[in-house]
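Structure first, commentary second.
Chain nomenclature is as follows: A, B, C and D, assigned in order of appearance, with residue numbering initiated at 1 for each chain independently.
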Amino acid sequence: MPNLAIHRLPMAHPGDLSALAALIDRGEVRAAEIRAVIGKTEGNGGLNDFTRGYFTQSLMLLLSRATGEDLAALAGRIPCVLSGGTEGALSPHYLVFAVDRAAAGPRGLALGTAFSAPTPAADIGREAQIELVARAVRDAMADAGITRAEDVVLVQVKAPCAQAPGPEARSGDPRLLMALSRAAAAFGVGRALGDIPDGTEDDLLRDLLKYSNRASISSGIEVTANEVLVFGHADGWAPGLTAGVAPMADLLDLDGVVAAFHAAGLPAAPAVPVAQRARVLGVLAKGEPEKSGAIRGARHTMLGDTDLDAQRHLRGALGAIVASVAGQGQVFVSGGAEHQGPPGGGLVCVFARAV
Amino acid sequence: MPNLAIHRLPMAHPGDLSALAALIDRGEVRAAEIRAVIGKTEGNGGLNDFTRGYFTQSLMLLLSRATGEDLAALAGRIPCVLSGGTEGALSPHYLVFAVDRAAAGPRGLALGTAFSAPTPAADIGREAQIELVARAVRDAMADAGITRAEDVVLVQVKAPCAQAPGPEARSGDPRLLMALSRAAAAFGVGRALGDIPDGTEDDLLRDLLKYSNRASISSGIEVTANEVLVFGHADGWAPGLTAGVAPMADLLDLDGVVAAFHAAGLPAAPAVPVAQRARVLGVLAKGEPEKSGAIRGARHTMLGDTDLDAQRHLRGALGAIVASVAGQGQVFVSGGAEHQGPPGGGLVCVFARAV
Amino acid sequence: MPNLAIHRLPMAHPGDLSALAALIDRGEVRAAEIRAVIGKTEGNGGLNDFTRGYFTQSLMLLLSRATGEDLAALAGRIPCVLSGGTEGALSPHYLVFAVDRAAAGPRGLALGTAFSAPTPAADIGREAQIELVARAVRDAMADAGITRAEDVVLVQVKAPCAQAPGPEARSGDPRLLMALSRAAAAFGVGRALGDIPDGTEDDLLRDLLKYSNRASISSGIEVTANEVLVFGHADGWAPGLTAGVAPMADLLDLDGVVAAFHAAGLPAAPAVPVAQRARVLGVLAKGEPEKSGAIRGARHTMLGDTDLDAQRHLRGALGAIVASVAGQGQVFVSGGAEHQGPPGGGLVCVFARAV
Amino acid sequence: MPNLAIHRLPMAHPGDLSALAALIDRGEVRAAEIRAVIGKTEGNGGLNDFTRGYFTQSLMLLLSRATGEDLAALAGRIPCVLSGGTEGALSPHYLVFAVDRAAAGPRGLALGTAFSAPTPAADIGREAQIELVARAVRDAMADAGITRAEDVVLVQVKAPCAQAPGPEARSGDPRLLMALSRAAAAFGVGRALGDIPDGTEDDLLRDLLKYSNRASISSGIEVTANEVLVFGHADGWAPGLTAGVAPMADLLDLDGVVAAFHAAGLPAAPAVPVAQRARVLGVLAKGEPEKSGAIRGARHTMLGDTDLDAQRHLRGALGAIVASVAGQGQVFVSGGAEHQGPPGGGLVCVFARAV
């Protein structure tokens, strides 16, 4: 039995933690063992998406009741990475990562977490943030006992942004600053893992060929520090769980999606067979509207739509492709994949139960 | 060489017919041979989507200049089936169907067209419309020389609706009347083909188990009659083109999508290989947000989103799945699949060049 | 000094109660005296607007810390009426109503509150709800010490609805059920006040000439009972505050808006002069897109817009007109004015400081 | 009888010119006398609003039939200024300006038009465009016989933009380039009229205190040149029509709106009385979301809404205020008021029949 447990839970609305509450009540999850939460809420995914803050507040309220810790202390030690937007086939859900430190094993899937120092708006999208994230990634690796960069499967970061950036910020446009924050965090991951050895703040959003296939970044106003989760393989963890990641060359790269499931040991052909679906514990995907305005030569309309935000377009499309392979819609799909996977493409990460 | 030609053409905006104009100018398409157009414009796909009317007017202007016929006469004989909405990976494009009556063959893919009598708002979603469509389908089969219902691959209908239905209409809600129009047209197709032998107007939008896997219906205020295209196999047509259709059991039925490509003779595994992509001439798909609010047990959010119309959600998701198999985004995807394929699912139809 | 105090406070986001927290910290508001909150959050105002629930949870958390009561008890005695949607000139804000029972006066503006029994989905939009609301209005009048219906200025109700109504509900369409809930609550108010003496559940959404100019109803999934606030004049309350209400004949009835300010003793001509603006304590307005599709003979496009919900259209327009008279954008504007003011119109209520 | 006639006509959809066709058929308008059209269509007003192009094509088709001129020649001599977006109380309509050169008078309201040379994307938002517009304004003044800048009431410009600006453009972001185009055109107007004597391209979108209260600019991809209409007073025109313009200090400046009606000789108090409404021939307004994020100190949410474009917010609010004074919703309201009226505010222009 693994000492890392992953629970994929539905929510009826962004304030609904009843599924986790039930697991805690029944003793299936010990609240004190919860190390991180990654979730997908049904907001618009943009600056004015408050479903993320609502979920986080509701989660911390539940955990506070269960553990007796106060809300601020919990928020300061448990990364809660939320992405808004469940367009199309996607389904609101969250992944709860619990670690039983007592139960060890020879080697298995490991999770480590870390928080950077608070990152003021002035540091967002700058060298300061890149370095803060790189250090937090190394801290999280140490927390997990992961000793080599090549043993890391995925780093998930929740990076801060600012609703009304002041004159000291790199950009006064909050949407651009949000993108710079994701970019800097990706560079921080790439620096720690060696995937982007020489990225500087001038390269952010410019040199898109500098990217990591193992960095997945969300950004939101509801966090003030960079919150980092590292998944990888390490000694001392129990076997039983697998994880795989694969890049997508572009939005339509169905082969890339299938490859990620294969990397996690799942026989997708092309969809995961019904009998194997329960083995899928969690799926994360990042993608980006192709900036040239065309995919494989055919014009797309994601970037110039006054009614529908480009990221909502993107998540609906990418989410459906990934969900059609996974066999269900509880897939974490997040836009804003700057420097996370190939430009115009992205990446997919799958957590599964081993056979 | 087939006497039915299918041209898939890009548009830069809904009034851009320059790709067709160039083909006509170069003599590659003879304007007088154009029998029908099916296109996907970048509107919202709803009642207030005027990109369909704009494209149609622009098309008829071009054809009027090329043939000397006046606009009304052209609009009365050439079905122009447009669906608005190119969410996500979809790309604005149109299919031009041209028939060279002089060049015959032993047996091949055939196209026939017909217009019903004008359908007033009072008849929409009622027995009168069902029967008008059934007759028009039979007329279009006769036009194509298709003698048996089992030889029909797909019937595409553009059915009328009303922006401000009066008291004589079956529903005063224009969106509901639009759905009733699609439903009645599907029943008309099903009646003509024997797929829905006993459907009555009371069953419309109620008995969803009455459906045809070969009916694809759009509805819009820009037409006043039911415009019908029938595709199938008939004697006297040249070989060289294939067509295949397959139902989708639900929105995530990736196997169903792959099956449609296989039915058209394309080796999708799961995506159509790069070397075969040019053989794909046209792809049509219909789908529908699952009314129960869940897909395979996971809650979706398409039906209760105040910001984003359910059909925009649906097209973005379905379109991406189909495009990921087709290998490109010029796919005609249309929501509102009432009685067109299994409930909560839909259908995919592929036109291809034979090997 | 009045014993009813009204505080109009800004919020930076739907979870931001810092303005109220500061007042409590400084002793300017005693948490135990807070009787009700009415607020406008920056959501979309529809079924999937979770900013209301987020604000409510945040408010109750603050009050729980300040009073020691638990969250459920607070939610069960303090009506929190939120309306989502701050389109155009509107500004997110909330009104806090605090009552100092010790400080009495001869006669003045009074506030009473009451909660009905929980209203299951099966009772929404039916006689049961009408009667529950009527009783709660009488209870709230008694709570305020208002003895005569003509002394009531305004009744504000937050009525329940259901995200996924079951077969027992009057409508399976959650949006229609939401409208029925508002309608039934308006009838309940009208029954208690004598404004709609003979309304039955069959008249709901049908006989729009049955309305009250003193009923303002919101509906949301975040409440399970009908929460009622009654404002009026009663003995035992201190003078110093005024309130006025006036109907709007249609959306463009600028004279109606001005009349409401005059009724509250404010010299709007047409705008409230700068020197008098601080006297405006709170402004509430209800309105409705004209169902005929035209206002004063000119077609409007609120009802057929696939991209933008009709209520968002309405709030942006109505809010701007009212705010242009009030002189600022902290105006509570809520759509869905069925039976609240004249059909196609609505009503405006103004709370002010007396001279 | 004036020799300038203004007809305000409704449209049922963006391709509906039936109201004008009827006037031409009945001889009430001579097609050859039509000099310009200004209209408001029900699109989203953004880059992907194709209702403007659809209306223009439909108008030119009608005029081509009526005059025998070809479409390109008509489009090259008749400015057609369309703004998309009829949010809230606004109503789709168009103003047709016809001039009977034969019928002269001593002095009256005059109209002149001019087209600049085509403006390539590389010149948009640069000195070249400013100067082209300034010259076109002088040409249009000469066309009208207006000899002094102070006799000009309003200059309306339709300025070009680019859907996919190349590397030579001042900005690669089409939305920013659209704003630069409006700004440069406003500077051109200001240069010609002396309102912005020293504006340079570096001041565009930066020095917002450089503005003209008589410049109203729209921008769209459907034009390639700057199309200019100048309204003012000149000898040789018949009396009978009046026009007035007034700036709005901010979005809530109701007094400014009323002042514009007074300037046109209409007794608004605050609304135009019913008996005088027929005298209102046309109303134009420009406005802009306050960039600081607050109006009179209260936070607004127009600029950070992922679901609803800032200009749609703005038009709904401004349009309702202006329409509530005008007494009806056929008001041309256009966002993007950079350098057109005070920053954060805008302007209103009213055309009326003299008493």
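As a working rule, a contact is a pair of C-beta atoms (placed from the backbone, for glycine too) under 8 Å apart; a residue touches a chain by one contact, two chains touch by 3 or more.
What you see is a predicted model; the values in this text were computed from it and never measured.
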> From subunit A, which chain is the farthest off, judged by mean CA positions?
Replying inline: D
> Counting a repeat as over half of the contact pairs in common, which of A-D, A-C or B-D repeats B-C?
Replying inline: A-D
> Across the interfaces A-D and C-D, which one involves more C-beta pairs in contact?
Replying inline: C-D
> Any idea if subunit A and subunit B meet via the same residues, over half in common, or different ones?
Replying inline: same
> Roughly how far is subunit C from subunit D, going centre to centre by Cα mean, in whole Å?
Replying inline: 39
> How many Å are there between the centre of subunit A and the centre of subunit D, using C-alpha atoms for each centre?
Replying inline: 47
> Which parts of subunit D, given as residue numbers and ranges, touch two or more other chains?
Replying inline: 12, 42, 44, 48, 163, 301, 305, 307-308, 312
> Across the complex, what residues on subunit C touch subunit B?
Replying inline: 44-49, 163-164, 174, 293, 301, 304-307, 309, 312
> Which positions of subunit D touch subunit C when the two form their complex?
Replying inline: 10, 12, 42, 44, 86-93, 251-255, 257-258, 270-271, 294-302, 305, 307-308, 312-314, 316-321, 323-325, 327-330
> What residues on subunit C touch subunit A, complex-wise?
Replying inline: 12-15, 42-43, 48, 50-51, 53-54, 57-58, 61, 163, 221, 307-308
